[in-house]
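The data blocks that follow each hold one structure.
Consider the two complexes below, in which chain A is the common component and chain B and chain C are the respective partners.
And then the complex of A and B:
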């Protein structure tokens, strides 16, 4: 046995289209309930695109968090606060405990929801100037972190749809090197007209419920949400007397180096990221019991990712599913949202189904439609790939009986 | 750590003459509310077709990166880590403006694509065919420091032998007024642009500008913590983010007054990526063996033997400390 490279996960929190906390999300996963539907909260004219919205207005979230109305917030920061609060509570961390902890957030849209609302006022008036300060990614992360404690290091990673996954990797690196005992890491991203229209301009949005890995797939459905995890050293968790909910046993980051918005046909970046993650965890492909694929539902991603998985796993390909047909593509937050889904799967012994799948694609994997796995889940792989070929993969492992 | 981290090369595009160190002895004036960078001839780095497609930030990121890689003699870096506060804000502004004024039709995919912060890191990856570690940080004025810290960790974990670390921010006239409204640029400061690429290597025989000895970032340190951090350093001078603005400069008041305090912002202006220029300027001083008078308020050159501590304080809360030392035996 080599050196144990595991980093403990001692708490996690999630808010997305299929639930406002872990209990609700688990229930939706087990009953195969999709959160994708007609747009309710985002003020867009593009009602033809179904989306996966968090079923709370900004005001609902402010009131749930006890934030006075009129306070400068963004939807991304509010969802982030909801998820962090749940994660800290599970990890039993107080405000004082966070003095020596770090906070690593993955986001790309930042405060764009408010900027697109108040942009004209930014230029021509001054009544909304407070929101200019909330526009960038970093201020969004500070808003979330500052609500809970000091945190000795706060930073934001912005690698598009792999942002939260890379945030978790930096967090784990910091723990492995002893730079911090506790790092709260994840991502948050709300829907905006800005990126809904951006994805539309790239012609990769499906007008129907998205169908990852299906022959008839026609693009993705955007979603929104946040998930944060408490990553902790073994010593710190033992000292505090908290048990891990899962282990982050390995991870890899690689660059496809192919195109700004398309994946290479052979999925080189995805292949390298998964290979690195397995090597880092000291595992073989046959040790992986489930893969939560990036699986956006775009023709390009699903072929590319299929090729990468088939090349790496060959005959030992475990059940694979994309949960984006339930949650929508939560972009920057997807890495941590799907990591929490993987943790729920490990803890409850099920393999999430690839909702809305009907017909196998010609040149790809056949996704999992069976909730009960043939063998117990010990190690699962979680993929998150971003524009520009920023590909990341993580191995999450069962932490044992409580 | 086994091997020393060396700074092999460092390149800038800013309000000073691009891709050279002429600013050390004959700087361009940096004044006014808003100043754009002086661009080099991009044709030596980018084809005409690509040049038309790419926004300023991306062209500059490619130019400083390819130039730093060529200088350092590395074609495909093991890691590419970039910081940017706003990303390609000119494209973001065009897309946002069209969205808000003209509605949700006819929006341009290229503008959206380039608005994503990680386009610089990934474009460099695509251009140099580098499949290694690739990441992007966006934490206001701490973006470069965050990127450098990530690379520092990758070195210490033994995952990489070299890294291209950069910070890139462009600025449009409209967003320069927003920068001021938000307090990111203050009275007396010039809102400017910066593109900086730094090539780092662990060990090896290649000649270097200096070594990176230590890197720390702390949010909201107590005065005791600051004192403890500073007690670990004995530099010739401290490269500060002092700009002449009273509030900004007060954030550096914890520094000892008997060690010379340098300032790069009066020369280069202020942007989310300006701390990268402080790092770059310090590396140039260590390579030259002297700190030019322009960084020292015109008070004459300072010899450079022990090293320079680069201190960046963002909004009075984020504090970063990078210790650069001369290469031994020079």
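And then the complex of A and C:
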């Protein structure tokens, strides 16, 4: 046995289209309830595209968090605060405990929502400078972090749809290297016109409920949300007397080097990322009991990812599903949102279904539609692939009974 | 210990310099990038589709790789070369160009060609695609150019056991006609002493006015 390199996860929090906390998200996963529907909160003319919105207005979230109205916030930072609050509470971390901790946030859209609302004002000189200054990704990360304590280190990772997964990987690196005992890591991303229009211009949005890995799939539905996890060293958790909810036992990142936005048809980048994650965890493909696929529902991704999974797992392919069929594609936050979904699956012994699947695609995997797995879940794989060919994969493992 | 000297390429809106030698050109700004591409590269037509940040990064990296005698990429992919870039503006220039396509309700056309560049890591992707690099690719958005900080991150790229070289650089683009970049290749030996690497990067920046 080699040295145990796994990093403990001692708390997590989530907010997305299928729930405002872990209890609600678990309930939606178990009952297979999709959160995708008509646009309610985003001010857009493109109402033909269903989306996975968090079912609270900015004002609702401010009120739930006890933030005085008039305070400068962004939707990205508000959702992030909801998720961090839940994660810190589960990990039993106080404000003082965070002084030596780090905060790593994955986001790409940042404060774009408020920039869209106030940009015309700003450019006409009726400035709402405070909101324009909140535009960049770093300011959203700081807004979230500063609400909870004085972290010794704060950074933002912005690699599009693999941002939150990469934030967790940086966090785990910091713990393995002894740079920090506790790192709060994850990602947050709200819907904006900027990227809804952008994804529409790439012609990868489905006008109906998205259908990952289905023959009839016609693109993705955008979603929004946040999830944060408390990553902690074994020594620190033991000292504080907290038990892990799961382990991050391995991870990998690889560059696809194929196209600015699309994945290579053979899924080389995805294959490399998953291979690295397994090697890092010291596991064989047959050790993996479930895969939470990136599974966006675009024709390109699902072919590419299928090829990568079939190549790596051959006959031992475990149940695979894309929970983006329930949450929508939460872009930068998807890596941590799906990591929390994996943790809920590990803890509660179920395999999330691939909602809306009907017909198998040619030359692709057949996704999981069975909630109860044939064998207990010990290790699961969670994929997140981003524009720029930036592919990440993580192995999350069962941490034992409470 | 001897000082470390790194070969580098420097480009701004009026100048392009390879290892201390100025390249001749007639135009300036964005037009200069196309002129230099035609004169020195010419075999990658996707260049013309790129945003300014990617054009500058692509041009500087290609000129550098040629200058240090690295053979043109073949069919094989390699994981031993990382791409680690720094800058302050990130994709702001591309963001602005794209925003203009959705600004006016009467003339509304969100351009896919512009949208794909609204992330700073696309330039690292473009360089990786060109050179078939499958190693680490990162773009650090920083407040200001800081040689010590860059040297630290570059040295970290060697913490694995596959990276033999890092294509490292600084690239900023405020407008389509206003940009600044330097690119250099850092080997594992170069990164052995972080202070010495920082001093070498500082020298490049002093010479380049970054």
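Just so we're on the same page, the second predicted complex is superposed on the first by the 400 of 402 C-alpha atoms of A that agree within 3 Å, B and C clash if a C-alpha of one lies under 4 Å from a C-alpha of the other, contacts with A are read in each partner's own complex, and residues count from 1 in each chain.
As a convention for this text, a residue touches a chain if its C-beta (ideal position, glycine included) is under 8 Å from a C-beta of that chain, and two chains touch if they have at least 3 such contacts.
A quick note: this is a predicted structure, and the numbers were derived from the prediction, not measured.
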item	value
Overlay on chain A: chain C relative to chain B, clash or fit	clash
Touched partner set for A:335, first chain B, second chain C, both or neither	neither
Which superposed partner A:132 touches (first chain B, second chain C, both, neither)	first
Touched partner set for A:319, first chain B, second chain C, both or neither	neither
Residue contacts on chain A - larger count, chain B or chain C	B
Chain B versus chain C as contact partner of A:352, first or second or both or neither	neither
Partner chain(s) touched by A:170 [first = chain B, second = chain C, both, neither]	first
Partner chain(s) touched by A:260 [first = chain B, second = chain C, both, neither]	both
Chain B and chain C contact sites that coincide on chain A, given as residue numbers	108, 137-138, 158-160, 193-194, 197-198, 200-202, 253-261, 268-269, 272, 386-390
Chain A - residues contacting chain B, complex	44-46, 108, 110, 115-116, 119-120, 122-123, 126, 129, 132-133, 135-139, 141, 150-160, 166, 170, 173-174, 176-177, 179, 193-195, 197-202, 253-261, 268-269, 272, 386-390
Complex interface listing, chain C residues touching chain A	77, 90, 98-99, 102, 110-112, 115-122, 124-126, 128-129, 131-137, 141
Residue ranges of chain A touching chain C (in the complex, touch as defined)	108, 137-138, 158-160, 193-194, 197-198, 200-203, 253-261, 268-269, 272, 386-390
Chain B - residues contacting chain A, complex	80, 84-87, 95-97, 99-101, 103-104, 107-109, 112-113, 115-119, 121-123, 125-126, 128-140, 142-143, 146, 149-150, 153-154, 156-157, 174, 177-178, 181-184, 217-221, 272, 318
